[in-house]
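The structure appears right after this line, and notes come after that.
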């Protein structure tokens, strides 16, 4: 609780990312952050429900980190250097990064697997959102690296798609994502916090959580939902 | 077993709901009830497969109860009283009720979460079918309230949809549901038993279950499927 | 390791199926087999991601066996002998068979359940791929029979579809399957190995697996992905 | 007008089909028949909007006749007699028949073309509803044979689907169709009139048409929609 | 040409709507307006391609006017006053209005037909965008009232959907529309011009059109696309 | 007819493209070519039915030519040179070329319009297949340039997609297309003739057409379809 107070005293942007990440993970839920973003007028920051966590422990399937975006192009042939840019971005990953892959509307690719997870984890990346299929799932689960995906398929990306750019704006799960934006994922889904709203969101989310806790207490105490909602204004 | 005999002796409509619910839960499967409804000419009473149980224990993820229907309308603005009718129906829930939400074809709403589950459970409701997204899933699982949903997404309904009516006929999972109809859900899915067929279904289902048990026994004893089917006529 | 060497020494087609199946299960992953098939020019052998395993143990949810194909037709009435051909193919199942059902684009049928699983298992079949819905799932899980399906729904096939042929070429999960082809399924999905490529695939897959193991080791040892990929050429 | 009076005096089932067809074509619209069926409790008799007329003259693109249903099965091989049953039903067509093909959810078949249209027209059939693709469209338009289809594609059915039955209940455009039912199609779409409702529908539709004519007249005369609706009760 | 000059001299908001509408219709294309909106950062103002014009003359199938929005809710029963709000908004239409119906994701409703078109036209409305089905199409074409729709189906809205609000923000063709916004439709589709951008759009569009005319001239004169694009910067 | 004889005498590959194109256009239908490709074992050469001709004259809406493929990548930002490669391929078009755009699964782009059509036509290209949306349709129809598209939408490609390669294998309408392959389009759709089958297809198609003509004649002469099919073997 003391951490929360301190954080609310000082602007979060004076803090380092690891501290912010720990603060978010310990105090917030993705749903609460979505509500705050709604209040601030950001209505399209929650990724589509097709993106679900791979890790089976639903209390520890998510992550908090900063987006590293990757833009894919579908192909029907094997280009000269099929993995060139992909290898480049993987070798550039830093602690706290979240690899975010652009949307694959064709549904036939599987650009993430065990070796990618191995490199990402070793470099300190905290998670991956792959709006496409993934593979080598049992091994990824064994290493405990958090991945969200649209499906599972055993095929390689080679000859099906090629990464053409990274750290550019992309669409993932129908949300526009910029490199560096805060990505927060738990069992309910994934939310992208725009840079300009980050400070405000972190401050407001705490207040919303408190109201929900009080509402729950009053409801279990026997009050009507009408009375509780009129009192706290959250649902 | 004695309970079953008694129930078959007397019309089920002379019994109270808790007794009927216990009888169904102890003796039937959703699949058997679907077969009986097929026999009686009701071919569209099983909800669509997109509706899956949230609770992880597949033997205890379902429920038996009576439908309380809720009709939603999508919105792209926040109406004056965004939760008014929703709060009304929640405060009106009685023991044995199942909250059944109308189909959300847009797939962008999440009208059910922890506080709703808290109120519903406290009021004695036995489950919820939400043909849309839900949120606060970890907490709902922790409280053990059975919910079936089409997906999981962290967004609030406010500004996305508003409940406009309840206890009216609705479509949920492509099945027309009327308030008061028997809703039976297990890991195989959800079936809606029309009022006028309820008595007949309860009587026939038991007989069908017995035949399946005998078929299984004969098959494991080495008989061909041809022989077993010719004998019992079930598959 | 000695088994692998021996297998590579002699053509796999000189071996009996149980030996081949055990060899595949012990040494390969579905993803590796897909990569080899890609190399050999077979790009459409991995079934669609809508087909997922029913068994909850993700390390033991799959199988290796030979396809027995079944062709379904949708109906909106109950034909004279609704289960005739279905019973015939079930009674003809042999050890090592995998029942593979044709694609049900209507999504309303559920042609596989507990009794089918009981017969299949008793006859020695090792699995089922049902590109449609299935039912009686809790009981199938209890008996540990591996099934892959597109969804779960409690309805019977009677009056919804009828099997019209078996051991004919079918489409399942968007892959053309011929009776007798090797079907390999694990948590990543399902791959169909064409007869003419079977021998070649089994020989190459081992080599690919070795390279992946070496790549992982080097990556964990701190090398860049660039260096590791340049050395082993796999990703 | 005198014909209408006579028809209302005597039950339509005492009349011959050609007279009924002419009566419907001259006096009704498909939309009016749908409204009457709604009133009588038949809410699912209008085919899906994917079925559109091929003939370019929107005032003469439809037909009135009696359904001859055809049930297709998808295939991925060429059966022994790929066209056997199809040829049988085509050679059995009689004046006033409408060939109604079952729904092709795969969307890859095109079971209707010029030669089929030639046979159908020569035998006196008045139209075709093909819930799949068709081909040879320019020639079919040239011969003026009315066809409704879900799309246009140049491929043959051979090796893609095979007709397995006819004159059985089928689903076409999401409507269950029985051989002999009245099929009425104009530019607005296609409606199927159940046998047991036919007489009642024909009697009521005329009255509804009259009210619409009076409503239009009053609206053009300057009355509010409120006043006109309160007076005639149709919209 | 003189009108254009004058319009560019003075702010368009000093002008009356009929003058603005005529100016847009005479000088612009929907595609050019979309490009200008893109330049100004409005990337989601063109409605989805499922919305197509009903009127067959592709040079005169569209309109320019101001949105009057209507919000529908699906129903599975007939409410007490099924047409109440619908009649209210229809009777309130003024010259220059465009009726814009909210998105119907279920695809089963047809809330627009001949009588609605009759009232709308009589009241001076210039068009309708119905992101759902419509009916009575031949008569609407005969009266020459411009409608854009997602499909054609002969069913009434009664018992399928009910209008619950109008002049509220809605989603139509995946674009958020507010009452009063400029709606411009031609054969290429429909664009919604946000109020705050209207003045700027009208000024810039003219310049873009000029460049396209010059580009076309140079291309037909034999220049390469490279040279022409480098000169005018439009494509 | 004499031209046909000559063509059958000598291998078509000894002929120049303009002669081949004229021969195909004058003597064949797309449907017949599909049947021949089926016979030769090429079952996936007809593009998806979503691709429809833009030109309104259904007898002259198509073309015969050789594919020039273009590979697009979706983007959510404007790259440095948004049109660079696109301009390059447009300026490289030669007489007889058909511009074939890769499949746009997102459905939000419109990479073809009036200026592109102007350049293409001026350079002698004979058509365009754009498996995406197009715009400026009225002007394209006015210039009579044949285009097939999946839809019509007024938006520019800039900021939505960028061409990244051309003359590489692509997927268009679910068919793999290689630069240089024969593309034949009429009102029934579009077929891609693989290089290695071209000669054989041209020779066989004529024979098939003759059989269809004879079948039609016999049918109109009163023979049963059974008799006619037994005689000529085509349907």
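In this document, chain identifiers A, B, C, D, E and F correspond to the written order of the chains, with residue numbering beginning at 1 in each.
What we mean here is this: a residue touches a chain if its C-beta (ideal position, glycine included) is under 8 Å from a C-beta of that chain, and two chains touch if they have at least 3 such contacts.
As the structure is a computational prediction, the values presented were derived from the model and not from experiment.
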| item | value |
| --- | --- |
| Number of hops, subunit B to subunit C, where each hop joins two touching chains | 1 |
| Third chains touching both subunit E and subunit D | F |
| Contact-graph distance - origin subunit A, target subunit D | 2 |
| Same-interface partner of B-C, chosen from the options A-F, B-E or D-E, over half of the pairs matching | D-E |
| Chain located farthest away, centre of subunit E as origin (C-alpha) | C |
| Most distant chain from subunit A by Cα centroid | D |
| Copies subunit E and subunit F touch via same or different residues, half shared test | different |
| Centroid spacing, where centroids are CA-atom means, of subunit C and subunit E in whole angstrom | 51 |
| Whole-Å gap separating subunit A and subunit E, where each centre is the average of the chain's CA atoms | 37 |
| Computed distance of Cα centres, subunit F from subunit D, in Å | 33 |
| Set of subunit B residues in contact with two or more other chains | none |
| Chain contact topology (line, ring, star, complete or other) | other |
| Full enumeration of touching chain pairs | A-B, A-C, A-F, B-C, B-E, C-D, D-E, D-F, E-F |
| Contact set on subunit B toward subunit E in their complex | 71-77, 102-103, 105-106, 164, 168-171, 176 |
| Subunit E residues touching subunit F - in the complex, by the definition given at the top | 29-31, 33-35, 38, 43, 46, 48-50, 52, 58-59, 186-191, 212, 215-216, 219-220, 222, 224-226, 229, 234-235 |
| Parts of subunit E lying in touch with subunit D, wherever the complex brings them together | 83, 86-88, 90-91, 107, 113-116, 118-119, 122, 133, 135-138, 141, 151-156, 158-159 |
